[in-house]
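Each of the next two complexes has chain A plus one other chain: chain B in the first, chain C in the second.
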Partner chain A sequence: MANLLALIHNETIKVWRKKRFAVVALVLIVLIPVFVYAQMKIAQNNASKFADWRSELQQRITDNTNALSSERIPEEWKRWRRALVQQLQYYLDHDVNPNTPNAVTFTSSFLENSVSLFIPLMVLAVASDLVSAERSTGTIKMLLTRPVRRWRILLSKWVTLILYVSLIVVATVALAYLISGLAFGYEGWGEPVFVGFEPQGSDIELGAVHAVTRGAYLLMEMGLVWFSALVVATIALMVSVLLRSTAASLVTMMAAVISGMILANMASSWHSAKYLFNVNLDLTVYLQGTPPPIEGMTLGFSLAVLGVWGAAALATAFAVFTKQDILA
Partner chain B sequence: MSKGKSGNSRLWPILGLTMLLCTALMLVGFAAALRDAWFPSRGIAVPEASEPPKAAEGGLADKPQWLVAALGDSLTRGTGDETGEGYVKRTVALLKEASGKPVKLVNNLAVNGLTAIRLSDQLEQRGVQQAVAQADIVLLTIGGNDLFQIAQSGGSIAEGRDVSPELLERLIPQTEPLLDEIFEKLRRINPNARIVYVGLYNPFYDMEQARSMSAHILDWNDYAHRLAAADGNATVVPTYDLFESNVKAYLSSDHFHPNAKGYERIAARIVQSLE
Partner chain C sequence: MDKTRIESDRDVILSVQGLKKNIGRKTIIRNVSFDVRAGEIFGFLGPNGSGKTTTIRMLVDLIKPTSGRVLVCGEDVNRHPELALRYVGCIVENPEMYPYLTGWENLEHFARMQEGITRERIREVVDIVQMDKRIHDKVKTYSLGMRQRLGIAQALLGSPGLLILDEPTNGLDPKGIKELREFIRKLADSGMSLFISSHLLSEIQLMCDRVAIIAGGEVIAVGSVDELVKQAGSYTLWQFDKPEAGLRLLEGSGDVAIVGDGEHRIDEALLASLPGAIVTVMDEESIPEWIERFVAAGVRILAVHKTAPSLEELFLKLTEGESVG
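And then the complex of A and B:
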């Protein structure tokens, strides 16, 4: 056990030294102000055009209803819009503002928008060369000539990865909150948000809807984002073991993540796509209550798909890493 | 294990502990998300809805500012107007000019293809009621989709095949009670607003077989006018004459909705009726 802890210590410091996390933080510090600025412009525009948030919300409902009447819009988009209209109507009926401009709301929506591409990208920055870098620098031979079992080495790398994934998600949220708070104010933790909308075909089931605080909502969202980031990281670790080259594994993983995002947007007619891990990455849709990318997907289903992919990737990584020939 | 540089001895405890705490936090969040999805709690109480603002009593001339709400079908939406302004935004701008008062659009709640029965349903929605309740002027178009079947199919016309004066004659008596209902509901929501109903026109006036429809459309407008007169604080703005002499110049390419010029003329009419 002490042995394993020492290995994790070693791995953690190695990744830190490679300044991977510094790059992630820097990207966030540059990007978030851009989104904050855009969001601020939207809020200002709405404030000048509408008497209060209620009439703005009502206008959003009406505009989406109008889009629904168009023949040109594909049925899947209509499904999504119809759900949105029903949700917004629920908020309006209960006199709750779904979009109060504050730092917590901003952070939530930033997380929702980054779960399918941005967060995986940040995670890949750490995960993709965890094994392959050792190979290209040759240090893997040194690592494996120690009297340590190979599986322990890979396990220490995986645990390090989990730790960094957690750090990246928390850092994303912390930075988004701190930076957007400058523009929107730091309140909003106690405001109500509705959860429990259940999309059923083209309708939304309202029976289980209940309110939680924005703070609790954000925490749940972070947990879900963390889980999907963890699966991406685990699969990246396997790819990194299999492909032996950092560039190749990074490109492979990015292709997988990006194609997943595209598929989630347009493949609702291809039903078996729902068994791909990359279509299931956006777990926050279940919390938001928006229809999933493919009909029939549920939180349990997506978690199972991600879990199976993650477990299979982990098993493959261990099987290959412990038997692999390192001489090359 | 570390390479022995100074400063490392402190990095690991801090970094390790931070990461451990982050991981614990994520696990808590993940567990909370699962629990909320599968074993939902009652949830927190939502604060009571506050009373929405209401329009002031009194005539338009006495009010320091005018709030406008628009309701109805594609005409109020501004369909066919290549500038996207429609008659609603133009009316607001013209009213501002003519009255010298601040005039503000609360909401344009029009929905393309809206029928009278759906408008009546819409008036039961809380958000719609809030918008109507605070308005000093309510602009309204309705009936086009009930009376012209063709409007329901998106407004494309197949050489006047769907245009039938007989059908129109049959549909008018069915639709009239719905207009009653809409006026009644509007009054219940807002007892003080000036209601402006924009009358129907015959978009097929240039077609020989459809010209006789105009008489029925005038009947409909006349019915609306009687309702407005009974109400006392409502106006019907006639538009049928605007689209008779030169249909092509004021209708858009779908041959049903007005174009930018057509909407401009409707807006001018509305402003005149309020002056």
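And then the complex of A and C:
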């Protein structure tokens, strides 16, 4: 019986040689400069308009407060703006700039913006055809007629997936930092950032607020992004086992991820939607202290929902893969 | 009697016992049983859609049988694939390898899946299939014949006691088929058992020692190839310059049966090459006498042709025999 390490070796080589990671890296290398440029324009614009960051912050607070009095804005948006105003005020009160333009803050906000769609899509590039490609090319007949139990083969594929998800998260951060550093400088690891804002109904609880360094903050974000990406990858693995065609499993997963984003934005009065995995993907909102898409969601809740979905998907994938007949 | 039974059991490398498979409500495989002995080339003959491929997939744990079992060297394939499949190399349908890896990397990939396969062994199988020149090229650049050879190399990696090949001549040119046949014979001479499926009786006849014939999801005959072929019988085709005269002579005799147009299944291409030929069933030994008789009667013979027995004919014979008996 071949050992698991050899099987993981095989799977890692296959994903690598299919150039899946190369595509992900290429997409990042093309996209990040675009965002860096946009960010740079904003920074230049602000620099010309405001004397220093304090007056800029004050202007944002005023803008958002004014918007709150408008009748036309839906209640969910108001809630979000109210929370933002409180946060900004806290930063102003403590004389801390929340948006110093540097590579670390850029990387942080890039992660926050990519966690619910961009990172899942890149993960799907690896995960969606992990099993279905073996089926559609027929290589599964060679793979499953070797003296190895099927659960070991699927386990090796899942472990490989964990490795590549980690690699994608690390590569995203590394590339975002390296590329944005060219424009903003590589400083900023030690700057303070406040965490612990707890949205309570329409208000924000400030009792637990404390400062951490930007570096620690980024690391925590990476952990959260990694976890939600891993759950997406695991569900994609299950879909890849269930559906024979790679295209079908990719489309299914993309539809799930995108519909989650839409649902989250609807900030719906449909409360039971919070048990869907796809509205829970943006774990970084809890770190930022902005209100979650649906009331009643907390970090613990989202982690539990994602964990349950991931575990169920993994169990289904193993149950089906070890028993299914390879008919064609 | 008992003693020979035990001895033949020890020689059995693959034992298929009462296989049955339902897919949905449909029964695909009704009853398939046969034994493959050590060192023999065993043919598995059946028309397309007879359950050949489903059976082969059950032999290598790609499909779980509804009931019955498959033993390789005494190990149950379904319960302990990690033990049983050590003794098996197989190519199910086409030899599909990873096109984005080189031939060598593909072999390394499959070598890692079984303990005890060294680099030397990989080099050995590459030599056996004579692929050393192209082995470091990507598989997507290979021709079908080369993929076939790489597939066989992969199947041979674990030095299996049993090699299963599903329609191995499909898509090969005549030269390739001939080489493959010689290759298979060589493997069998080295003590390996081979299990080869085909829908062509002539293929099986040329390659195999024994054969199981499957039709409608059931094995309808198992035996030595020669015996079965003899049962199939064959036709003798006569082409005369004056067909009417020839026909009259043939009809006049009691031991020649004339076969009408719709009653035989002779290859259309053959009939087209012998226009106006009269199809008969007759004793092989009487053909020289008949020729003399035609010559004496002034009927000139353009061609006499004995057909090779076809699978269809054999099926008719076998199923007829069943319904009578």
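Here is the rule we use: the second predicted complex is superposed on the first by the 325 of 328 C-alpha atoms of A that agree within 3 Å, B and C clash if a C-alpha of one lies under 4 Å from a C-alpha of the other, contacts with A are read in each partner's own complex, and residues count from 1 in each chain.
What we mean here is this: contacts are C-beta pairs under 8 Å (C-beta built on N, C-alpha and C of every residue); 3 or more make two chains touch, one makes a residue touch a chain.
Just so you know, these numbers come straight off a predicted model, no measurement behind them.
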Broader residue contact with chain A after superposition on the shared chain, chain B or chain C: B
Touching partner for A:His9 - first (chain B), second (chain C), both, neither: both
Contacts of A:Ala208 with chain B and chain C, given as first, second, both or neither: first
First, second, both or neither for A:Tyr286, with chain B first and chain C second: first
Touched partner set for A:Leu144, first chain B, second chain C, both or neither: second
Contacts on chain A seen with chain B and repeated with chain C across the two complexes: 6-7, 9-10, 13
For the chain B and chain A complex, residues of the former touching the latter: 1-2, 8, 11-12, 15-16, 18-20, 22-23, 25-34, 36-38, 40-50, 52, 67, 77, 104, 106-113, 125-128, 130-131, 134, 154
In the complex with chain B, residue positions of chain A that touch it: 6-7, 9-10, 12-13, 16, 51, 54-55, 57-59, 61-62, 65-66, 69-71, 89, 92-96, 162-164, 166-167, 169-170, 192, 195-196, 208, 210-213, 216, 219-224, 226-227, 283, 286-287, 299-300
Chain A partner contacts - residues on chain C that touch it in the complex: 23, 54, 57, 60-64, 81-86, 88, 90, 92-94, 96-101, 105, 109-110, 112-115, 154, 158
Complex contacts: residues of chain A adjacent to chain C: 1-3, 6-7, 9-10, 13-14, 17-19, 137-139, 141-150, 323, 325-327
